[in-house]
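Presented sequentially are two complexes of chain A, the first with chain B as partner and the second with chain C.
And then the complex of A and B:
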């Protein structure tokens, strides 16, 4: 039933016609979050060849009040985005959810051109750990007084144990993504790091070390979506939104699935159905996915269903996810190499995928890619994520 | 005059009093009075939710039946955490386990006093009755059953 409903409702095609992103930086003390958003918006509108005050009909933003330090933060977005006196709303989730909302606004015929915004001013947050502490259940978990990274520590130990994988595989993910980031001028944390040997990095929550965690960064991204007619009028290389999906597992620590990223399995199934991909493993040539923690890249890869029954760490050993591998994964450097940008993380994955599909990903371009996947996760302690499939055909 | 970028200090001081609800009352009062774990039962799904809740997330039935759960279980996942909630290093790292209990769907996450492995058997150790306040901290920790 779900399949036929999804297909029947795809009344028209939607494309990404413009992307704008700032460089990601560990701190940006000279510019405010509004100025970061303004820079990304100007770039996106210029890329799309649009006048935001005239041509963009609706705006969807992403933010979480505790990450902004301002409650009812959605009131603070219209001016720097060109959205004053226009329909604008905020979704308290990763930017990929806002992209899904914008997609649906166009799909229904309500609007033809919609902009999506997400940003991170992580360097303004003095005690980010406390935001994650405040995300723990206040009755059953927060009174334990634990650092919220214990959730990732528990999951990582369970995942590695069940897969027969080791922390050496997690180090290989970090080494790959930081090396990839060296070729990405937007990335903050490119570098050559040793994949072998014991990590000397401080343990956060064993076996999770600081090394396994994508370091945060500041930045902003804006993506412009348009209906089929508008897109073909605007540019000759639109990137089509072929399908998307989002899902949440049981949210409590006690009843969720601790082994598999069920939210990604469900979201990607929905996305493959709406994209009518019969053989996603064959059709998808590139993946930009969530690597908030090193092990998460492996866990998310398995849940995406792109590697059959194989274990991600085994293929990783064989180099399958390198830029010249069978399935390049995070050729941009991912969040580990580019910097983790909070609710903007998923939209960074989308921007990177768009650049790849337009052949504009400069030194980290994968040759000849036509269809790719981007995936996000909302971070601890959530079991929520989204998936989008993009294609240049 | 300093040329450092100007930044304005601020904070977010909001205080809460979290309601534990119908199922939470049942859970915490049972611990306070009888030192016993209590789950809520969905008979249509044959699931006993621990911690209890008044709804079944599978079939959305309202749950009114409660069943006791023994306080000995099995380690599903284990970690040793090295920072406190605010991110400061801990003098003594803390063991944390997710524990499953026979016949219960869900489990409990709590501190441990032992270094544990997945599959280890543990028991919930409660505070003395007069010290219990209706909090998850009425359980002191999990200890290994040797």
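And then the complex of A and C:
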């Protein structure tokens, strides 16, 4: 058994050979979720130069039934993906988990070309916060009558207090990401917002305000993965999946670590190991990470181990995470600037990273990046997340 | 039960135990609400129903006509943009006789769900119910015709067709 972990990563190399994404919009009343997904799928297959009916062997999708309003949603995904009469499975988790599953399907040699899909039709959900309320324990937490955003409030409180950071740092994250989004044609919420001064925004659950929350958006994304042999036939510039990992902390509200994003610490360790990165802080030049809430970007950055023992908010003050900083973080605008796309969020981070590594990231391109990291979190009240390391070499 | 165990262990719970709160119970009623966008294809289909028409689409590649319509062909994976008006007649592909309601109570008058292959389509039809027919007279392959709601009562819903009823074969 010794060394089996490292041997597994030597089985085969896997690359991303196609990405397709729709523009993210606050609402999309003109199309159904199927039509939205069809657009992303067409773009991805065009990008990969593949006919899904002939060339793609398996499909992995992400969806959560409560977000769709249809139970056993798995049965509603094949048509618009070109996946009819083929192996399809749906994972109730962020799109990055589906990417991990597809990666493993190729790693085992079972398939050579696999597509991954995730989407958000947030505008179809009239009372989204109820979905999060229903994620709380029905017997001993729900009867307290709390809106689930209190979970973020508790965590933010603990994080800011113990790090000596302030809500002004959270506002700086929002200002950075919304400004970055201005250069991203896919993004919904680009803007110049005031980083300093007390926010006039309504408090959701102290210290969390409306301003700290990434607003939701609709969209769909499809990513095509291929084995080394297939990838080299398909394109000159495949983006290699160097490593990935996923983990969950103790999830209960009573026993979790409220300070540290342990799930990211564990997931990134797994990813660095499989990517054989001895010094990730040196090797990784760009990060697309979860910023569902402003403080989450800082908390996730520290857990990723890319800034040593430094405090994220101190480096933020110095401009380290700006596009021209030492480690550009969410040059795309993140979820705060692009829009939070529910279970699609992690896959948006992956698509953005792929575009950066191909040099196709439009006006928000970071020059000369070779290796980057994408990270997702499944949102409140979870302590689950995934990490993927991509490289163009 | 086994030879060692003649009756289940424990005390069975009765309705009055819950009512008298002798048993801990939590009531939670989900308040989920959705406003699903019908999109291009189903939106046009429902608009057609309001006008008393059944609208389908045809794939320009495989020539298959389907209803309800869709803007892509799931077989060819190509965009579809050829809309066809279809007749409101067809045949029963399969049917069942359902004696249970949505809240699981027993129905005295059964509902007859059926998949109806609309004339002109290629092994594609929509799900509806059969009316004006005794279950024992129905067969797979029975010819049926739509019975529409009055035009003033139609609202762009699948229930704008009240049901399909057995119809004469026309040469």
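The working rule: the second predicted complex is superposed on the first by the 385 of 393 C-alpha atoms of A that agree within 3 Å, B and C clash if a C-alpha of one lies under 4 Å from a C-alpha of the other, contacts with A are read in each partner's own complex, and residues count from 1 in each chain.
Convention: a residue touches a chain if its C-beta (ideal position, glycine included) is under 8 Å from a C-beta of that chain, and two chains touch if they have at least 3 such contacts.
Computed from a predicted structure; not experimentally measured.
J.: Considering only touches as defined above, state whether A:150 meets chain B (first), chain C (second), both or neither.
T.: first
J.: Where does A:35 make contact in the superposed view: on chain B (first), on chain C (second), on both, or on neither?
T.: Second partner only.
J.: After lining up the shared chain so the two structures overlap, which partner does A:322 touch, if you call chain B first and chain C second: first, second, both or neither?
T.: Neither: A:322 stays clear of chain B and chain C.
J.: Identify the partner contact of A:228: answer first if only chain B is touched, second if only chain C is, both if each is, neither if none is.
T.: neither
J.: Going by the contact rule set out at the top, does A:53 touch chain B (first), chain C (second), both, or neither?
T.: After superposing on A, A:53 lies in contact with chain C but is clear of chain B.
J.: Now for A:66: first (chain B), second (chain C), both, or neither, which partner does it touch?
T.: After superposing on A, A:66 lies in contact with both chain B and chain C.
J.: Please work out whether A:138 is in contact with chain B alone, chain C alone, both, or neither, and reply first, second, both or neither.
T.: both
J.: Thinking of the overlay built on chain A, is A:127 touched by chain B (first), by chain C (second), by both, or by neither?
T.: The answer is both, since A:127 touches chain B and chain C.
J.: Under the stated touch criterion, name the partner, chain B or chain C, that contacts more residues in chain A.
T.: After superposition, B is the partner touching more of chain A.
J.: Which residues of chain A are in contact with chain B in one complex and with chain C in the other?
T.: Dual-contact residues (chain A): 29-30, 66, 69, 124, 127, 130, 138-139, 142-143.
J.: For a test of understanding, state which residues of chain A touch chain B in their complex under the given definition.
T.: Checking each residue of chain A against chain B gives 29-30, 66, 69, 71, 124, 127-130, 133, 138-150, 153-158, 161, 202-208, 250, 252-255, 258.
J.: For the complex, which residues does chain C have touching chain A?
T.: 26, 28, 30-42, 70-72, 74-77, 79
J.: What residues of chain B sit close enough to touch chain A in their complex?
T.: Going through chain B, the ones touching chain A are 4-5, 7, 10, 12, 16, 18, 20, 24, 49-51, 57, 76-87, 89, 93-94, 96-98, 105-111, 118, 135-137.
J.: What part of chain A is in contact with chain C in the complex they form?
T.: 28-35, 38, 41-42, 45, 51-53, 66, 69, 78-80, 82, 84, 121, 123-127, 130-131, 134, 138-139, 142-143
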